[in-house]
Amino acid sequence: MRSAFRLPRHHSKKTGTPPGTLIYTGEKKVDKARISIMEYDSSEYSERVVEDFESCLPIKEKPTVTWLNVVGLSDIGMLERLGKEFGLHPLVLEDILNVHQRPKLEDFGDFVFIVLRMACHDGEAGELRMEQMSIILTEDCVITFQETEANVFDDIRKRIREPKGKMRRMGADYLAYALIDAIVDGYFIILDYLGQRTEALEMELVSDPVPETLHEIYRLKRDMIFLRRSVWPLREAISALDRGGSSLIREGTELYLRDLYDHTIRVIDAVESIRDVVTGMLDVYLSSVSNKMNEVMKVLTIIATIFIPLSFLAGVYGMNFEDMPELGWAHAYPVLLAAMAIVGIAMVVYFRMK
Amino acid sequence: MRSAFRLPRHHSKKTGTPPGTLIYTGEKKVDKARISIMEYDSSEYSERVVEDFESCLPIKEKPTVTWLNVVGLSDIGMLERLGKEFGLHPLVLEDILNVHQRPKLEDFGDFVFIVLRMACHDGEAGELRMEQMSIILTEDCVITFQETEANVFDDIRKRIREPKGKMRRMGADYLAYALIDAIVDGYFIILDYLGQRTEALEMELVSDPVPETLHEIYRLKRDMIFLRRSVWPLREAISALDRGGSSLIREGTELYLRDLYDHTIRVIDAVESIRDVVTGMLDVYLSSVSNKMNEVMKVLTIIATIFIPLSFLAGVYGMNFEDMPELGWAHAYPVLLAAMAIVGIAMVVYFRMK
Amino acid sequence: MRSAFRLPRHHSKKTGTPPGTLIYTGEKKVDKARISIMEYDSSEYSERVVEDFESCLPIKEKPTVTWLNVVGLSDIGMLERLGKEFGLHPLVLEDILNVHQRPKLEDFGDFVFIVLRMACHDGEAGELRMEQMSIILTEDCVITFQETEANVFDDIRKRIREPKGKMRRMGADYLAYALIDAIVDGYFIILDYLGQRTEALEMELVSDPVPETLHEIYRLKRDMIFLRRSVWPLREAISALDRGGSSLIREGTELYLRDLYDHTIRVIDAVESIRDVVTGMLDVYLSSVSNKMNEVMKVLTIIATIFIPLSFLAGVYGMNFEDMPELGWAHAYPVLLAAMAIVGIAMVVYFRMK
Amino acid sequence: MRSAFRLPRHHSKKTGTPPGTLIYTGEKKVDKARISIMEYDSSEYSERVVEDFESCLPIKEKPTVTWLNVVGLSDIGMLERLGKEFGLHPLVLEDILNVHQRPKLEDFGDFVFIVLRMACHDGEAGELRMEQMSIILTEDCVITFQETEANVFDDIRKRIREPKGKMRRMGADYLAYALIDAIVDGYFIILDYLGQRTEALEMELVSDPVPETLHEIYRLKRDMIFLRRSVWPLREAISALDRGGSSLIREGTELYLRDLYDHTIRVIDAVESIRDVVTGMLDVYLSSVSNKMNEVMKVLTIIATIFIPLSFLAGVYGMNFEDMPELGWAHAYPVLLAAMAIVGIAMVVYFRMK
Amino acid sequence: MRSAFRLPRHHSKKTGTPPGTLIYTGEKKVDKARISIMEYDSSEYSERVVEDFESCLPIKEKPTVTWLNVVGLSDIGMLERLGKEFGLHPLVLEDILNVHQRPKLEDFGDFVFIVLRMACHDGEAGELRMEQMSIILTEDCVITFQETEANVFDDIRKRIREPKGKMRRMGADYLAYALIDAIVDGYFIILDYLGQRTEALEMELVSDPVPETLHEIYRLKRDMIFLRRSVWPLREAISALDRGGSSLIREGTELYLRDLYDHTIRVIDAVESIRDVVTGMLDVYLSSVSNKMNEVMKVLTIIATIFIPLSFLAGVYGMNFEDMPELGWAHAYPVLLAAMAIVGIAMVVYFRMK
C-alpha cells in the first residue's frame, strides 16, 4: 500500500468557464454511468440497477425510502436530467462533478448537499486513494455520487436487505447517517496503517537511521498534511449536520449524528497525534545523523592522533644527515620502538578514559 | 515504570458494523465480569459483590445512593441487561465497550454519561497504562465501568464506610465528583514521575549527552503528545459538567466541581510545561552534539597542523639526492631538531591562545 | 515563469500628505488611461472605448447594467471627475490609486468598494505579478480600476456579448460576482504552477540535493508567505460580501457568492498545504546535507584508518638505525608486505561489516 | 541570584484524601504562625502582632478597614478557626494550604478569594523564588496568607501609617488592589534581571559562544516557560476582578484595577518578548557552532592540502630504487625544493583568494 | 541607521511607590518643558510657544480647536497643573510620565487618553528610536505629550496654517486622527528600511554567507520581535477608537478612522511578512554553512584519498630491507611512477564522476 496524496491539482480545466458549467474534472475510470436503486420501508424492499436514468422514472410512487447510488460521473447528460428531476441547483451539479472539493455541507432547505472525501484502496495496484463522494439528502431519498464503486457501502446494503434491521424502520436521514458513518470508519483503517508505518519508522530511527528513513519520514509528514486538510473540514460538515437543525433530520437520528461527530473528532485526534509524532522524528533523525558523524570523526581523530606523531618520529630517524649520533647508539632502535609503543598505548588509554 | 502509550489502534474490529453493535474492543483481562455494589445514606450502609447481574435486582428499593462498580467488560450479555434496566441508549453501551474513546461528557437528561481515561500502574510489569473508565450518573445511582479493578477508588470506599463522613450526607452527584476527582488525582502521580524523568534527562543533557539521551528525550516527547491528547478533552468534559446545569447536580456539589475543574487546569498546565521543556531539550541536544564534534575536530586539527609540516620536513631530509649539502653540514641534525621543536611549540602556544 | 513577490514597498511616496491626497503609488505602465464601457440588459447591448471621461457622459440614460473598465491609473484628473460623478469619497479614490492595499471590502450603503489582488502574467518577461484590482459596485453599475489590461476578463466579455447568456439576465451584482470569480480562478493557475515547482523540488531533494535546491526551497517558502498574506484577507472580503446583507446584492446572486467563498477557501487550503510541505522540505534538506557529509567523512576515515598505520610501519623500516636486525632477516620484506596486506584487508572487511 | 523554578511537584502528598482535607503541601519555613493586624480608617489607626488567633477576637468592633496578614501556613488548627470566623469554605482553606495553585480569582459573593504567585528573593542564598500568596477580600477586611514574611508589603504598611495618605480614605477593596499591585510590581524586578541576563548572553553569543552559553540559554528558556505559566493566569485573575462586577469593589477603585490590569499585560508582554528572543538564540548558537567548526575544518583542509602532496613528493625521492636518475642530476635537490615552495605558495595564494 | 530596540527596562524606578506617583521614567533629554499652542477655527488661527503653563491660561476663551503640544516630561510640577486644569486623573498623568507603556486607548467619557509609540530618528547619531507619544482628546482640545520634539508633526502644522485646508474646517477629533495618522505613517518608513535590510541579507545569504550575516539576521529577527509587540496593541487601540462610539468622535471623522485602522493592519501585515521571511533565513543560513562545510570536507577527502595511499607506496619503497628485489629491477622506478600517476588520475576521474 503506497500513499498517493498529490499536491492540489485544481480545476484549471474549468478556469474561465461561467459558474454552473458542468465539466467532470476527475480521471475517467468507468465507461458508462450506472445507477443502483434500493427502495425500502419496514415492510417492502426492492433493488435494481439501471444504466439509463429515464428508465427508472418516476422515482417515487410509494412513500418508501429510496437510495440512488450513481457510479460514474462522466455522463453529464444523465446528471443534468437527474438534477432537473430533483430540482438541484446547477452549482450543486458543478460541485458533484468538480471532484476536488473540500468536505462541506450545504443546506438548501428541501435538500441537504454533502461533499465528503472517502479513503479507499485501489483494487489493482493496492494504492491508497482519496475519492470524492457527494450525497444529496431529501425528505425520502438519498442520492450518492461517485466515480467508482466503493465497497464501503456493502455492509449498508446488507443491513437494508435484512427485513428486521433497524435500517428498515428508519427514514432517509438515518440512511444518510449510515453512509457517512461508513466513510468516516474508512479513515480509521488508513490511520491504523499510518500508525503502523510510523511505529516501524520509530524502530528504524532508534536502531539504524539511513537516508531512506529520512525520505520515509518526509513522505509520512506530507501524507499527514493532506489527510489533515481532509479531516478538519469533515468535522465542520458533520458538526453543521448535527447542530444544523435541518428539518430533514428526524429526532431519533440526532443521537446518531452526535455519535458520528464524536468519531470524526477521534479521527482528527489520531491524525494530529501521528503528525506530532512524525514532526518530532525529523529532529531526532538530524540528531542521530550528527551522532553517527561524531562517532566517525572520533575514530578518525584517534587513529590520526596516535599515528601521525609516531610517523613523524619514524620520519626523523629516516633522515639522511651524516651526523645523527642516535643512529649508532646501541639498542637505539628497540628503545625507540618501545617508546613508540608506550606513547601509542598511553594515548589509547587516554582516549578510552575520555 | 516504562511508558506504554501507543499510537492509536482504532476500532478496526468494528468497522462495517451497524451503530450500536456491542463489541468489546479492548484486551480481555478478566475472565468474568463482577459487580460490586455499595448502597448508603446518612444512616444505613451495605456492600456486596455479585457476578450475576440478575441476582442484584431490583437495584433500588430504598432512597439510598447506590454505586455499581462493574469490573470486566467482556460479558456483553450482562451489560445489555444492565443497560435495559437503567434505560441506557445502545450508543452509550457501545461507547462503554469501545475503550478507545476520548474523554467526554454527554447529558441525556435523566442520566449523564462520562468517559474518562484513567492513568494506572500495571501490577505485574510496573508499566504505565491508560484505561478507560465510563461513569453513568443518574438521580440516585452511579455506575462505573472498567476492565480491571482500579485501586484509585479504595480511598473512596473507605470514605463511604465512615458513618460520619461527608460522603454519607451527600448524594449520587457528590459520589460521581469524588470518583472523577480520584482519577484526576491519578494524573498528578504520572506527572510527578514524568517531571522527575525530565529533570534527570536535563542533568544528563548538561553533563554528558549520549545517543541514549536522545532516545529518552524522544520517548518523553511522545508520551507528552499522548498525555496531552488525553487531558485537553478531560478539561472540556469537566467544564461541561461544571457549567452544564444538569438537573442531576445539586447545589452543594457545584463548588466541588469548580475545584475539580481547577485541578484539571493544573494537570494541563503541568503537561504543557513538561512538553515545552522537552521540546527545548531536543534543540539543546543537537547543539551539544555539535559542540562535542567541534571539540573532536579541534584535537584532530591541532595534531595534524603541528605534525604534518614537521613530517614533511623529515621527509625532505630523508630524500636520497646525491647532492644535498645540508646533510653534511656540521650540527645540521640538532639544529633541525631544535627548529622543529621551536615550530611545534610555537604552534601549540598559538592554538592555546586561540 | 519567475516569482516577483517583493517585500513591502509602502506608500513612502505619500508619507506626510493629508488623507485623501491622490497620488498613484504604483509603477506607471500605460501612458494614457482608457475606459471601456459595456452596457447591456436582456434585450440590448453596446460596447465602446473612450479615452476621455467627459465624452461618455451621461453614463446612464437607460436602466441597463453598465460596466466601466478603467485601465491606467496615472490620469488623476479623470479619476477625480469620475469620482465626483459617482459620488465616491476621496478616501476611496486614494485607495484605488495607492496600489499596495490588502484585499478588503467596504460597504458605503449606496455603493460597495472592493479591493482585490489579481495574479497575472507579465506579457513580455513571462514573470508572475500581483496587480491591484479595485471594484465599485453600485445599483446598476460596476466600475473596475487597474493599471494594465487584464486578460482574465476576456471570458466575461464574451459571456456578456452572448444574447441568451445568463449574464444578460442578471444585474450588476452578478457581474461583480463574475469579475471576482475570474480573479479567484486566476489564483488556481498560480497554485498549479507552484504545486508543480514544489513536486519538482521534492524529486530533487530525494535524488540529489544541491545548494541551488536550498535557494529554490527558500524562494518558494518566501512566495508562499506573500501569497498567504494576499489570500487570507481575500477570504475576509468575500465573506463580508456573502454575509454582509448589502442591499445591492439581489437574492439570486447569494448562492453564487457562497460558491465563490467556497473557492476562496480552497485557494487558502492549497496555499497552506504547499506552505506546510515547503516548510518540511527545509528540515529534510538540512538532514540530507548532513547525510552526504557523513558519507564523505566515512570515506576519509576509512582511507585514513587503513593507510596511516601502514605508512607508519613503512616509516619504521625506513629508519636509518645501524642496528635494525629485522632489515637483514631473510624474507622480512615479503612477510611485512603480506602482513600489511592482511591488516589492510582485515580493516576493509571490518568497515564493510560496520 | 540563581533561578529556582522547578518542574511541577504536585500535591502527591494529598492524593487520595477527601476534598477539603487541610494539609500544607509546601516546605515548612517558619515554626509558628503569626498574624499581624492593621486596623484603620481616615481618623484612627492601630497595629498589633499576635501568635494566637483567639486573642484577636472579636476582629471587628468598629467600621474600620482591617488587614490580617497571616505568616506561616503550618498551623492548620488556627487556619480552621480563622476560616470558621470568616465563613470560608473548606475548599478555600485547602487552596490556601496547597501552595501549588495557579493564580486564580473566585467570587463567593460575600468574599472574593484570590491566589497569586509572588516573586521574591530568598534572603540567605540570594535565590529567586515563587511563593504563593492567598488573599481574601470581604466587605471591610483583607486577609493575606503566606508562608514567609514578604517585604513587598513594607511600602503598603508605610502608606497605611500615613494619616493623610489616600490609603486611609479608601476601603478594603483599595487595600486589596494595593497588595496585588505590589506583587505585580515584583515581577518587573525579576524581568529586569532576566532581561539583563538575556542581553549578557547575546553579547557572549556574538563574541564567543562556549558550551556554557548553551546551558545558560537553555536555563533561561526554561525559566521563561515557568514564568509564562505563572503570568498568563495572573492576567485572567485580574481581568476577572476588573470586569467581574463584584459588589465588594467600590466605584473609585475600578480605575485602579484597570491600571493594574494594564501592568499585568505589560508583564506578559515582557515575558513573551524575552521568550521570543531566547528561542531565537538557540538557533543562532547552533549556527555559530557550525560556523566555528567550519573554520576549524578549513584550517585542517588547507594544511593537509598543502603538505600531503609535498610529503608525497619527498617520499618519492626517499625511495631506495637503484636506478633513480633524478637523484644524480645536478641541482636536482634545490630545483625540487624550489618547485615545492612554488607549489606550496601557489596553494596558499589560491586558498586565500577563495 | 542602527537598531536600538532594547529588552524591556521596566519602571523599577517606580516599584514600591503608591499608584498615581508622578515620576518620569525615561531619559531626560530636554532641560525645560515647552508648550506650543495652536488655536484655530475655519476663520481664525494663532500660534505661540510658552515655557510656563500659567502664562497660557485661560486656555479656552473662544470656541476654537486648540492643540497643546507639550515637549519635555521632566517638569512634573507643570504637568500637575495642566492635569488639574483639564481634570485628568492622576493615573493618566502617571502613564504619560511612565514612558514604557504599551500603546492603548482609554475612554474617560469627557476625554480620551491614547498612548502610542512613535518611531523616529535620533538627530545626532542617526539611530532608530521608539518614543512614547501620549494624546489627550477632549471636546475641543488635543494635548500631545512627548520628551523631544518630533518632526512628524511638521506637515500637520503646515496643514493647520493653510486657511482653506480641510483641517481648519474639522474639529479636535480630526486633529487627533491626523496626529495618529502621521505616527502610523512613520512606521512605514521604518518598515521600508527593514525591508531593504532584509533583501540585502537575502542576497548575502545566497551569494556568500559569513558569520556576520548570522548576526545581522539575528538582529533583524530581534527588531521584528519588538516592533511586533509595538504594532499589535496599536491596532487594538485604533480599533477601539474606530468602533468605540466615543461621543467625542464626530460623524465625518469615522470614515478617516476606518482608513487609519486599515493602515495599521497593513503595518502589521508588513511586520509579520518580514518576520516570516527572517525566520526562514535562519534555517537557510544553517543549511548554507553545512553546505560550505560539505565542500571543504570534500576537498580534504579527495586530497587525502589520492595522496595517502600513494605516500604509503613511496614509504614502502623507502624501507631499508636488505632484500627488496624490486629495488634492483630495471625500470622499476619509472614503472612505479607511472602506476602512481595512473592510480592518482583514476581517482580524480572517479571523484569527478561522483
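As written, the chain order gives the labels A, B, C, D and E, with residue 1 at the start of each chain.
Assume a contact is a pair of C-beta atoms (placed from the backbone, for glycine too) under 8 Å apart; a residue touches a chain by one contact, two chains touch by 3 or more.
Quick caveat, the model's predicted, so the values are computed rather than measured.
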- Query: Same or different for chain C and chain E, where same means more than half of the interface numbers show up on both copies?
  - Reply: different
- Task: Go ahead and note the Å separation of the Cα centroids belonging to chain A and chain B.
- Result: 27
- Taking each chain's centre as the mean of its CA atoms, chain A sits from chain E at a distance in Å of 43
- Residue numbers in chain C touching 2 or more other chains? 283, 286, 290, 293, 297, 300, 304, 308, 311, 315, 318-320, 324
- Query: If we trace the ring from chain D over to chain E and keep going, which chains do we hit, in order?
  - Reply: D, E, C, A, B
- Could you please specify the touching residues of chain B with respect to chain A in the complex? 7-12, 14-20, 89, 91, 94-95, 100-102, 104, 106, 211, 214-215, 218, 221-222, 225-226, 229, 282-283, 285-286, 289-290, 292-293, 296-297, 299-300, 303-304, 307-308, 310-311, 314-315, 317-320, 324, 326-328, 330-333, 336-337, 340
- Would you pull the chain B residues touching chain D in the complex into a rising list? 152, 154-155, 159, 165-167, 178, 181-182, 185-186, 188-189, 191-192, 195-196, 198-199, 205-206, 255-256, 258-259, 262, 265-266, 269-270, 272-274, 276-277, 280-281, 283-284, 286-288, 290-291, 293-294, 297-298, 300-301, 304-305, 308-309, 311-312, 315-316, 318-324
